[in-house]
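The same subunit A turns up in both complexes below, where it pairs with subunit B and then with subunit C.
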Partner chain A sequence: MRRHTAFYMSTLFLLLLFMGVLAVLTGVFSQAQKKSAEAKQLTAATELARNAAEAVADAGSRADLLTLLQESGNAAMDGETVCASYDEELRPSAAGIYRVSITYEPTARIGGTLVNSTVTVRMGENPEAICSLSTAVYIRGERAG
Partner chain B sequence: MKQNPKQIGLICVLLVTMTVCLAVLAVLALTTADADKRLAERSLAVTQRSYTQEQAAQTWLAEADARLKNGTALSDLPDTETRNGVTVKVIAGQEGENLVIGLTDDGAGSYRIVLWKPASDWTPDTDRGTLWAG
Partner chain C sequence: MREEQGKHLHGYTAALLGIFAAGFLLLVVFGTKIYLQTVAGQNSNDDRRALLTYLTTAVRAYDGQDAVVIGAGPEGDALLLRDTTADGSYEHRIYLYRGNLVEEYTPSDGALSPDSAEILGQTDTFTIEKEGRTLLRMRTEQGSVLVHLRSGEVG
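So, the complex of A and B:
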């Protein structure tokens, strides 16, 4: 009887120990999953910001920029800011989770127009930006707006 | 009754093996995810630096164009040097990452961009020790 009790106690102890270890490992896996998701988001946001910055470099005006980004109704003007949405696969989508906001600030110079722009990428309705970058383009002779 | 020690030993070995395997997997998953995140952050930092440099370069172009329109010669632009008839401006960036811009006169009071190249400061390591004293 004592041996039986000792066996059950040992098994119970081992199981409890195993469950404790499993709980710790679940936490580690959960942290790994969180970091992996953050890395994926950051990579996607960087790609979108880079694409938007190149669109600014190609656009001759704010309207041009909107036209360049517009696909499947994903881009719109919000005041003086051009906003575009993309889904998880970075495809243009009006209901996308990634929101890219691009400011377009033209300044008249003697020989042309210097356009300063800030690209900000956010996730859904979260006001905190995932990433942001500043760029500029100088357009000779023409007037950008 | 002699079976009990064997049974608990078997269960113990099984649980320890499972625990070790899971622990190794957990550590691998965490280190991989951590490396992914650090790489993504580094990629973002490089992209941000690159576009900040682009911004500085475009601002300089606007200033250079204004000076040219006011009658300044291309070769007289400040902080530039002339190499083989090309006026070269180096936009210094962080961590030795420079952007080299080359301009030539377009003959109409403005410029033509002939060079737009990222370049890094690199000092070769000349101290390699003595390979053979002879």
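So, the complex of A and C:
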């Protein structure tokens, strides 16, 4: 009887250990899946931010920038910030999950205007940025607004 | 009594084995699914970055007066990057051909030779549009990329 009890106890311990290992490995796999999803979002966000920075380089003014990003009603002004939305496939969409906000701050310099801009990409209503970059462009002669 | 205990023990051992086997099986199935998803995601991210970054880098490398031209390829648009040297004029051409984005470097007056062109990557679409003052938008199946030309010239 004692021998059987010892057997039951050791198998029970083994079972608990096995459950623990399963829980740890499942947790590791879940983390891997989460990191993979984050990597996909980061790749998409980097592409959107890079494209927005190129648009800033081309735009002569805030209104120009809005026009450049405007496709299917996805871009709008939010105060002094230009905001554009893109769906999961990075297609312009007013109801898109990726929100790109671009600040456009012109400063008069000798012989032209220096425009500082910060591009921030967020996911949906999440206030935390997926990625953010700062860029600057010098517009010779004319005044950017 | 002893026989009954033995049966009980056998049943217990078999149940334990079943739990272990089922646990391992579930773990392997779950792990395989996650692994496949992760690899597919990684490949998709790599493809997206590789092709679009290559296009951006190529345009940047040739960005100069009359050097970046939108031409016609065998299956749509072709990106023609002109390289004028003392020996003559050459073109780095990037275009779509049979489900691949291909490139070739050839004299400007030569015809396209897609069969001998180098494959850059797979895509079913490749379009180039001029946007704004000096912006070039290139679209592939993996996404689209904007390039601002410092030279301010798109042919």
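In this section, the second predicted complex is superposed on the first by the 120 of 145 C-alpha atoms of A that agree within 3 Å, B and C clash if a C-alpha of one lies under 4 Å from a C-alpha of the other, contacts with A are read in each partner's own complex, and residues count from 1 in each chain.
The criterion applied here is as follows: a contact is a pair of C-beta atoms (placed from the backbone, for glycine too) under 8 Å apart; a residue touches a chain by one contact, two chains touch by 3 or more.
Just so it is clear, the structure is predicted and the values come from calculations on it, not from any experiment.
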item: First (subunit B), second (subunit C), both or neither touched by A:Gly112; value: first
item: First (subunit B), second (subunit C), both or neither touched by A:Asn51; value: second
item: Partner touching more residues of subunit A, whether subunit B or subunit C; value: B
item: Which superposed partner A:Val121 touches (first subunit B, second subunit C, both, neither); value: neither
item: Which of subunit B and subunit C A:Arg3 touches, first, second, both or neither; value: first
item: Touching partner for A:Gly60 - first (subunit B), second (subunit C), both, neither; value: second
item: Touching partner for A:Leu133 - first (subunit B), second (subunit C), both, neither; value: first
item: Subunit B versus subunit C as contact partner of A:Ala84, first or second or both or neither; value: neither
item: Contacts of A:Leu68 with subunit B and subunit C, given as first, second, both or neither; value: second
item: Subunit A positions touched by subunit B in one structure and by subunit C in the second; value: 4, 7, 11, 15, 18, 22, 25, 29, 32-33, 36, 39-40, 43, 50, 57
item: In the complex, subunit B residues that touch subunit A; value: 1, 4, 7-8, 11-12, 15, 18-19, 22-23, 26-27, 29-30, 32-34, 36-37, 39-41, 43-44, 47-48, 51-52, 54-55, 58-59, 61-63, 65-66, 68-70, 110
item: Of subunit A, residues touching subunit B in the complex; value: 3-4, 6-7, 10-11, 14-15, 17-18, 21-22, 25, 28-29, 31-36, 38-40, 42-43, 45-46, 49-50, 53, 57, 109-112, 114, 116, 131, 133-138, 140
item: Subunit C-touching residues of subunit A, taken from the complex the two chains share; value: 4, 7-8, 11, 15, 18-19, 22, 25-26, 29-30, 32-33, 36-37, 39-40, 43, 47, 50-51, 54-55, 57-60, 64, 67-68, 90
item: Sites on subunit C touched by subunit A in the complex; value: 5, 9, 12-13, 16, 19-20, 23, 26-27, 30-31, 34-35, 37-38, 41-42, 44-45, 48-49, 52, 131-135, 143-148
